[in-house]
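As structure tokens, the structure follows; a few thoughts come after it.
Order of writing sets the chain letters: A, B, C and D. Residues in each chain are counted from 1.
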Amino acid sequence: MISFTCDYSEGAHPLILKRLADTNLVQEPGYGFDSFSESAREKIRSAIGIPDADVFFLVGGTQTNATVIDSLLKGFEGVMAVQTGHIAVHESGAIEFSGHKVLTLPSHEGKMDAGDLEAYLERFYADGAWEHMVIPGMVYLSFPTEYGTLYSKEELTRIRIVCQKYSLPLFVDGARLGYGLASDACDLTLPELAQLSDAFYIGGTKVGALCGEAVVFPRKAPAHFFTTVKQHGALLAKGRLTGIQFDTLFTDGLYMKIARNAIERAMEVKRVFADLGIPFFIDSPTNQQFPILTKEQMDSLEGKVLYEVWETLPDGRAVTRFATSWATTPEQIEQLKNYCMH
Amino acid sequence: MISFTCDYSEGAHPLILKRLADTNLVQEPGYGFDSFSESAREKIRSAIGIPDADVFFLVGGTQTNATVIDSLLKGFEGVMAVQTGHIAVHESGAIEFSGHKVLTLPSHEGKMDAGDLEAYLERFYADGAWEHMVIPGMVYLSFPTEYGTLYSKEELTRIRIVCQKYSLPLFVDGARLGYGLASDACDLTLPELAQLSDAFYIGGTKVGALCGEAVVFPRKAPAHFFTTVKQHGALLAKGRLTGIQFDTLFTDGLYMKIARNAIERAMEVKRVFADLGIPFFIDSPTNQQFPILTKEQMDSLEGKVLYEVWETLPDGRAVTRFATSWATTPEQIEQLKNYCMH
Amino acid sequence: MISFTCDYSEGAHPLILKRLADTNLVQEPGYGFDSFSESAREKIRSAIGIPDADVFFLVGGTQTNATVIDSLLKGFEGVMAVQTGHIAVHESGAIEFSGHKVLTLPSHEGKMDAGDLEAYLERFYADGAWEHMVIPGMVYLSFPTEYGTLYSKEELTRIRIVCQKYSLPLFVDGARLGYGLASDACDLTLPELAQLSDAFYIGGTKVGALCGEAVVFPRKAPAHFFTTVKQHGALLAKGRLTGIQFDTLFTDGLYMKIARNAIERAMEVKRVFADLGIPFFIDSPTNQQFPILTKEQMDSLEGKVLYEVWETLPDGRAVTRFATSWATTPEQIEQLKNYCMH
Amino acid sequence: MISFTCDYSEGAHPLILKRLADTNLVQEPGYGFDSFSESAREKIRSAIGIPDADVFFLVGGTQTNATVIDSLLKGFEGVMAVQTGHIAVHESGAIEFSGHKVLTLPSHEGKMDAGDLEAYLERFYADGAWEHMVIPGMVYLSFPTEYGTLYSKEELTRIRIVCQKYSLPLFVDGARLGYGLASDACDLTLPELAQLSDAFYIGGTKVGALCGEAVVFPRKAPAHFFTTVKQHGALLAKGRLTGIQFDTLFTDGLYMKIARNAIERAMEVKRVFADLGIPFFIDSPTNQQFPILTKEQMDSLEGKVLYEVWETLPDGRAVTRFATSWATTPEQIEQLKNYCMH
């Protein structure tokens, strides 16, 4: 049985495991002060083209979102996101747990619209009761989104302009950042993304690492961010674990190379379904594909291929998700094709 | 240079790395539903002798303490701990972040005294203003303590009896559990510890793993603990990472074997200092040793051996900490001995 | 100038002020243990027909909502409300401040629909990812709603049935409870409301008191609710202040009598506008009326009458709110009529 | 029976009740935008000699402490207080509820010592692990303290200097401020106190009001403090209630006049006990007196006088508290004297 359930079904890129083994008995300080983490930070600074950016390594996505958002908001502020944003739906209320409301905007195939954002803010401050409401304190968006879609440079720039007008930091959730940047549909580079955001993270867990997300503050981290990380239970004693992984991922362009593999395989998945005339819920240019399958089509894959069912439609068909990753092989696509055609 | 700074200076036990490599491309579900985690849970249940205990894998100590404590307390309750307890001092207020006060008792070489606990609770409920105070909701203690000391079975049983009298769950922080159980001074077994506590964790990060703590609820986990873990940002997408590590540690008694290595090396460290007539701050039977060094002694180790300075005494001497671990070798002790004698 | 801006423009019913003066120098214990509070609790228990109901007096609406909701939810749970619910919009995130998410349903003229609620809950537990989401822990609704509308006994009963099916406590925000119960359109009695809810409050601030809300747990208050009140900063040292007020309001049916005055005046307001052919945003049977005024109509009231503008419509007209209260006089209605007709 | 149990046993100063009645039907805006509140703010600014100070009215002490402290701290910071401070003991964890730890220093008859404070801060930043601890973000003290004692101008100035050295805002809990300022032992004026602190409150509840505390930010309130007040459930809809009270208390020096009454009566209480050779737990110059009574002495007062028992001593005697207030009359002291002498 092959699985396209998600992009975290395997372990880590073999080079990471090798590096962990090679360095295993080197004694290093804890909490991110090890030489591997320092080297990884340097490589990331170089990759984004900002020599004095602040970089921290956290363990997972929800943790990273909760910690970064809490560090950027004042106590009375909330974070703006689209209704389908990960923080609004699938984090068990981790943001509210830290005392902040998620203020939602409509989702356009997973994306926030700069016009919606500006209209919300205008309406908010025009409302006589705004001081009785949650004050918007920052903007959160995902790149790519939870639906695999991408912001164009222009779209992101327009959001940034609204953010600046209202002095709102812009935070980009890059749990699948590599899969966005490696897409043919992406007109943004990593340095451009860094320039456009006040904080973002480079997802490791879904792009080749065992765990780990690299948080980048292109300008400056909030005061005492280290302590906030600790307070959120997000500080690794063996910081080398994330340091080594990101150092490896940012050596010789490995991160983008393996992200590109996922995109190529995803486009093959797309072709498999398209060639069979199967429609898609969304035209995704990244590693998540959303074919709409009939009951019969799903039955025929039963026991052979794993994938996620996102939503059952009134007519009995289902929106499904097939995710590729750094680990997906051409052979697996070939298998999928065979299963689908018989 | 050799380091006795802490017990998380190296990576992981080689068998863990090998196992990670061997299983790397096996596709498994996320979030702890993988077969490795299930196997590890079974082995832990077997090791504690409670076939239906609930077991969860989290990433680090502070995170585990904050998540478990929050899951066991009602909103208006606080957690009791000694003043030197990790949660009271070195977690950047992670417990308060989740809304709960840490109520402190005197520390006796790092340990809580059952008499102190009972006296506190009696005084509390005798105080006419108790409803205006934070209501004690559970008891936290570390085994071994932050000072390397151990509770005897009798001491722990007495605490347990007070807890039961006041219906307070007892939670044992086992960040260094192996190093406690493997000590010659320990008269408790793992199954006995499980019987005496309502929740405890088996520390992995400091005992051979890259990261990971196994939380055990010998009777039953609080409702929806999985969701609480997610809410705290403590849920690993690749649960296999902790699953594989604990499955390895609980195969063929590896966890206790490597813990025993740390104890043997620690006793050798103790002998090195004792033979030189150097006094100790505390007579620790576990992997942390606290020799009191003079300025001259420290100078002579400069550039050769790393260790922690805990406290400078009025007379200029310093309480230091030398920690051994699963990775400490007889050769390193030999080196330390040579450095100390010259 | 007369004001219909809100129902808290004046002080308190004169009988309350008289009672405060008459009892002023009687020495009483603090924190709600005074004899006035005890008497008020007895009268409220009698009014709802539940002799052993738990009754507490808090100071204001947002405070009451935040305290009661926090006391009814477990840490990982959220509260369900309609999108226009006070807790979802106008409490500056007080619910999120206590760590809980407000889960929203569509608003039907301010009301929750039992069908929407049930559909949400069914969909929720059918979603494979529900454990990664905020678990619904209770239901919040306002009676009357923020739009002045009322639930019929049948509507509320249907919601209650869904709540019971999913073991969700039902909490009724009665900031304007009197104005709901006194409406001709209301087919519910106070004892019936008490039977249908697990917690509700009888609003004082908007119905004749200087401040104060009476929280009723018809069955049983959550454990240590007193301490939760204190923890939320909601405990009055001089509990007599709310005790005396509610004791007065629940003597000789004063609460319902003065609520009835507001309703009669509100119906007169309605007639004033209706007679002029002015349309309403919502057909409200309670003390808040929502005429839609043109720019010219608003200009003509300028400097004579105060009211709230809720929303400007695309055509330039505005949805306005005129609120009556226990203090509104027939003379004030007469004045409004004169201003409107000239 | 007469009661010296506390300083909130009666209602309000009669002038306040009169003023509430006189203004009762004047229509005013809510939430502190009424003319009474504005007038009160002006009078307080004038009394402290700072024309542009920010002034807000909250309802009670615990609420005020929690709201002000939360508004002054960043998420990762804690508040420093002595171990006997109200926030550390008798607020049911309201500070921790908002996510912040109370960091405690030794109490010297209820007071903080500037030397202790400085030593703590020096030790803190000298500790290699300080980033793993809660970072001190402000200093809290009570004037008078919970034990009725007062800081001299010099003592407070020394604390202020340490605060400035470490950029820590100084917040003074003035629940009984009047009783401190009116004491013969006080060498501080209200304007001096305002200059020495970054935030303080003028207690109303215990000094003649039904409820209410006036929060003063002599320099500037934290951004959006109004919204923080709302978020904490601390915003009164009928802000007139506190506005009228403080406007009355700050007209013709009423606040200090009635505070002085409490002090004179307290000194008479002191004399009653001293003349009988009864010792005191603390030599308090304010409205709380702490005679140490024998079992027989307490028996003889049984059924005649109410007071608080603070602590039972090993020899069976009890530390008791007798509190006077604005409402205590010479006749009540006479009665106490008679009861004590027979």
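Please note the rule applied: a residue touches a chain if its C-beta (ideal position, glycine included) is under 8 Å from a C-beta of that chain, and two chains touch if they have at least 3 such contacts.
Just so it is clear, the structure is predicted and the values come from calculations on it, not from any experiment.
Visitor: How many hops, at fewest, get you from subunit A to subunit D via touching chains?
Guide: When the steps are counted carefully, the minimum from subunit A to subunit D is 1.
Visitor: Relative to subunit C, which chain's C-alpha centre is the most remote?
Guide: B
Visitor: I'd like the Å distance between the centres of subunit B and subunit C, where a centre is the mean of that chain's Cα atoms.
Guide: That gives a centre separation of 50 Å.
Visitor: Subunit A to subunit C: how many Å between their CA centres?
Guide: Taking the average C-alpha coordinate of subunit A and of subunit C, the gap between them is 42 Å.
Visitor: Just how far, in Å, is the C-alpha centre of subunit B from the one of subunit A?
Guide: Those two chain centres are 33 Å apart.
Visitor: Got the subunit A residues that touch at least 2 other chains?
Guide: 75-76, 91-93, 97-99, 131-133, 135, 227-228, 230-231
Visitor: Show which residues of subunit D lie in contact with subunit A when the two form their complex.
Guide: 70-71, 74-76, 98-99, 131-133, 135, 223-224, 226-228, 230-231
Visitor: Could you please specify the touching residues of subunit B with respect to subunit D in the complex?
Guide: Touching subunit D: residues 75-76, 78, 89-93, 96-97, 99-102, 128-129, 131-135, 308-309 of subunit B.
Visitor: Inside the complex, what are the residues of subunit A that reach subunit B?
Guide: Those residues of subunit A that touch subunit B are 2-3, 5-6, 8-12, 14, 17, 20-21, 23-30, 59-67, 91-94, 97-98, 205-206, 210-211, 227-228, 230-238, 240-241, 306, 327.
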